[in-house]
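Listed after this line are the structures, all set down as structure tokens.
After this come two complexes, each holding chain A, first together with chain B and then together with chain C.
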Partner chain A sequence: MPNPIEAAASATPRAVARRIRGLSDRTIAWLFVAPTIFLLLAINIFPLIWTVRLSFTNFAANKPNAEVKWVGLRNYIRILTDDGIWANMQTTAHFLLWTLFFQVVLGFTLAWLINRKFKGNDLLTTLIVLPMMLSPAVVGNFWTFLYQPQIGLVNYVVEVVTGTPASSFSMLGPGGLAKWSIVIVDTWMWTPFVMLICLAGLRSIPDYIYEAAEVDRASKWRQFWTLTVPMVLPFLMLAVLFRGIENFKMFDMVVLLTGGGPGNETLLASIDLKREAFEKWRTGYSSAYAIILFVTVFGLASIYVKALNKVKER
Partner chain B sequence: MSKFINGLFRLRRGPWEALATALIALGVFMLMQPFALALYTWSFLVTLAGTVMFIIVSHFPE
Partner chain C sequence: MSAYSITEPTRRSKWVAALLVTLYTVITLLPLVWIISTGFKSGQDSISYPPKVVFQPSLEGYVNLFTTRTRVSSDEFGNLPPPATWYDEIVRDQGMVIAGPSRFGERFLNSVIIGFGSTFLSIVLGTLAAYAFSRFKVPLKDDLLFFILSTRMMPPIAVAIPIFLMYRSLGLSDTHLGMILLYTAVNISLAVWLLKGFIDEIPREYEEAALIDGYTRFQAFRKVVLPQAATGIASTAIFCLIFAWNEYAFAVLLTSGTAQTAPPFIPTIIGVGGQDWPAVAAGATIFLLPVMIFTILLRKHLLRGITFGAVRK
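On to the complex of A and B.
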């Protein structure tokens, strides 16, 4: 059987082989890494630097020939003194905190229950994971139907259970329920993701640890708090990091469900940013807006990764 | 507490990272709190200071 390295070497065209002969390992390593670094610079770093630059100007992308003026910190000052954007930040915080809370509680509970051995375990896991596999556009559209006051299943169930007439309230309309409606849909869709990650954590705990705890006569409650929770915590934190970043920039599902309404009740920062950038075409202003959101997410992610590393070191 | 202050003077990573983390957390809270517009106005500066500080001090010795 031929040596695979020799086979690969013989497959290299002679002209190429002649050219790379004599190159150091370090140079060859750089040759392999260079395309990735180039792509990273072109797709991530350059646009970021360009956005920072644009945030100090009055540039409008729909007027490419107009004179671009340097406006200093004016865009930042406008954003950071705007009542409307302040309200959007609070809406984003409401959405972020409640979705994370429900997804962590429900995801961990589901994982804990699914981790037990019972008949139909695999089928149930597959069924629970289904919402996560759907497109946010599909989810947004069919939950709009479920929330319909006249024909929607949600209003019908509320009427049957509480006696409140179905057409007397709207989950997506005025009345303060819209904020909670988007939390419910996101929780429904993404709890399975948190569950899967927690399940991976639970299944990584070796049985002998529980056996040793049994020998020491530790109660189930104590086993749960001193073994299960600390060992699943790094996985749970990872899930929260992913969901936190994802929900901070949540856009598609909420746009399809409420479009930011009623009024501005569900207008998340990301939706507002898109409107400023691509409907009002205030590119400089929206660049400053994007930088503010970026710094916030970056700062949060930094401390979160540090906390995650500390938990893993324990 | 004196250990913390000592660490700050001797440019140790631990206390400086803790300080940067506190700044970031404070900045994010200020950005999203519903109580005072003035806090919201200054939130970005606090978060930015914390984030830049975090990047710098994470290169300090343990």
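On to the complex of A and C.
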């Protein structure tokens, strides 16, 4: 295909041609991309490489003048053989799997209902979406008020609905409820995210497919499992990918709700990492911890994306 | 018979759906309604049991949010001149006097400065890069785009350690500039991906026509592409702004005074014996309302924004 710019340039006098072209496209491309790449190298990649370097030392950021020693793989070995850290990983997995489960079930159901296109569904969708756009820190902090023992709104609602006395349990205190309390808040916040993506998936299914199924006398039940679910699946998997990465990194909402307590019941890996790095100041050790977490999320995400692409190809 | 589709849901199923979705909406909005209403409760009302739905509205929370107060003994109380303003009176009713303004105003202003500063930078850099990725053959384009996206997968704490050290030695700790640069670096991936999608949708023919008319590439970009991409740029900007506005992890680790934003500050608002809930709720209301309004304005582009442009509808 002849390039219209070239054609225009060759047909005009040289001085004009130069003006048309100004800088060459290649120069402009580099000029435009360079600031972004530079910024990312300076504030993302350079720090990451620095983290890797620190992870092989015993450096402590609160003692910048102390002698720094290379310790080889010692930090990594200590982390991978530490029972406490495996317990945190289990806490993280509990949070991750249950939030994903509830958000997928609720999000898909809501999208499926909204897709009935009843009057006012747009307004309700906009209202439902509100929680996910808000600051997890500010909202998480306020949920501690809703979760207050004895007098909190949540305890009151539970008493009214189920008859369990409000003073007999504590959402954030000892008794094992705390790790469900954080799942509830995260589900409240992020169900709309899964819902929106599922809704896009449902709306992408053309009507004629269902019409054909009706003609073939496929039952509604069968249509749901053989048409709706497979066609929404790639969307749903994308939503799970986003939520999975985000919740693996989860810090703000949970740290303000429970701070990792009671005891270590809700100590997610990222909260533990923050304690090691910025409270105990074990910089070298926590750098290794950070790298392990990053590699884990990156590895899991890559495997998942491969699976997602397979589903898409089908 | 008018056009009738056999796939159209029945009236009854629409009713059931509407009912269930409305029920969910009411439940999901309850915590937000509670934040707003608690802001207008007195300290006593906020912690009464059973929780009060109907109450005497009070501006105690808002007054406490913006002031610091000291308790005065009953002897001294008699010697004070009568309260000069309505907010003096509200504080006196709690048995205290105003000692000075609180830091909430400053923290809120920091959120505004850092939010807008980083949004502006992300949009400028992001638009340039997105245009280049959309229109030119950039070597290793796909790898670069993936690299830009992958920076978003890093747990913030993982990069916070070296950034903390780096900022300390560069004198950027707890400065507006430091936070603006940091949030720009986090937001740039979103900006590039979203804007590339928006620019991809602008037909190339417009620019080519402009080039033939004697515009330089740069003029064509400025006078043809930018106006066409205005809506996309505006919604991308709002997404960047909301992210910077809500961010907590970096803010709490890297700022403590001068540049501290509102999210790390609001949870530290305390009164007598623990958090001063009406004041916290008042602060949260002021802080969350702009985002709620932006969300409603953005609703058409919401899906695109939260998926980095992966789902467009």
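Keep in mind that, in the parts below, the second predicted complex is superposed on the first by the 285 of 314 C-alpha atoms of A that agree within 3 Å, B and C clash if a C-alpha of one lies under 4 Å from a C-alpha of the other, contacts with A are read in each partner's own complex, and residues count from 1 in each chain.
Keep this in mind: a residue touches a chain if its C-beta (ideal position, glycine included) is under 8 Å from a C-beta of that chain, and two chains touch if they have at least 3 such contacts.
Fair warning: this is a prediction, and the values are worked out from it, not measured in the lab.
In this overlay on chain A, chain B fits alongside chain C without clashing. Contacts of A:T92 after superposition on the shared chain: chain B is touched, whereas chain C is not. Comparing chain B with chain C, the partner in contact with more residues of chain A is C. Touch criterion not met for A:L177: it reaches neither chain B nor chain C. Using the contact criterion defined above for the overlaid structures, shared-chain residue A:F235 touches chain C, although it does not reach chain B.
Of the two partner chains placed by the overlay, neither chain B nor chain C lies in contact with A:L308. After overlaying the two complexes on the shared chain, residue contacts for A:T81 are found with chain B alone; chain C is out of touch. Residue contacts after overlaying the shared chain place A:I43 against chain C, while chain B stays out of touching range. In the superposed three-chain arrangement, the CA centre of chain A forms the vertex of an angle with the CA centres of chain B and chain C, and that angle is 160 degrees when rounded to a multiple of 10. Contacts of A:K274 after superposition: chain C is touched, whereas chain B is not reached.
After overlaying the two complexes on the shared chain, residue contacts for A:F298 are found with chain B and with chain C alike.
Of all Cα pairs linking chain B with chain C in the superposition, the shortest spans 13 Å.
Shared contact residues of chain A with chain B and chain C: 298. Of all the residues in chain C, the ones that touch chain A in their complex are 5-7, 9, 13-15, 17-18, 20-22, 24-25, 28-32, 34-35, 38, 47-51, 125-126, 128-129, 131-133, 136-138, 144, 147-148, 150-151, 153-166, 181-182, 184-185, 188-189, 192, 208, 211-212, 214-218, 242, 245-246, 248-249, 253, 262-264, 266-267, 275, 277, 280-281, 283-284, 287-288, 291-292, 294-296, 299, 302-303, 306-307, 310-311, 313.
Only residues 76, 80-81, 83, 86, 89-90, 92-93, 292, 295-296, 298-300, 302-303, 306 of chain A touch chain B when the two sit together in their complex. Residues of chain B that touch chain A in their complex: 17, 21, 24-25, 27-28, 31-34, 37, 40-44, 47-48, 50-51, 54-55.
Taken together, the chain A residues at the contact with chain C in this complex read 4-5, 8, 16, 19-23, 25-26, 28-33, 35-37, 39-40, 42-48, 50-51, 54, 61, 110, 113-114, 116-122, 124-139, 141-146, 148, 150-151, 153, 156, 166, 188, 191-193, 196-197, 200, 203, 207, 210-211, 214, 235, 238, 242, 245, 248-249, 251-252, 256, 270, 273-274, 277-278, 283, 286-287, 290-291, 293-294, 297-298, 301.
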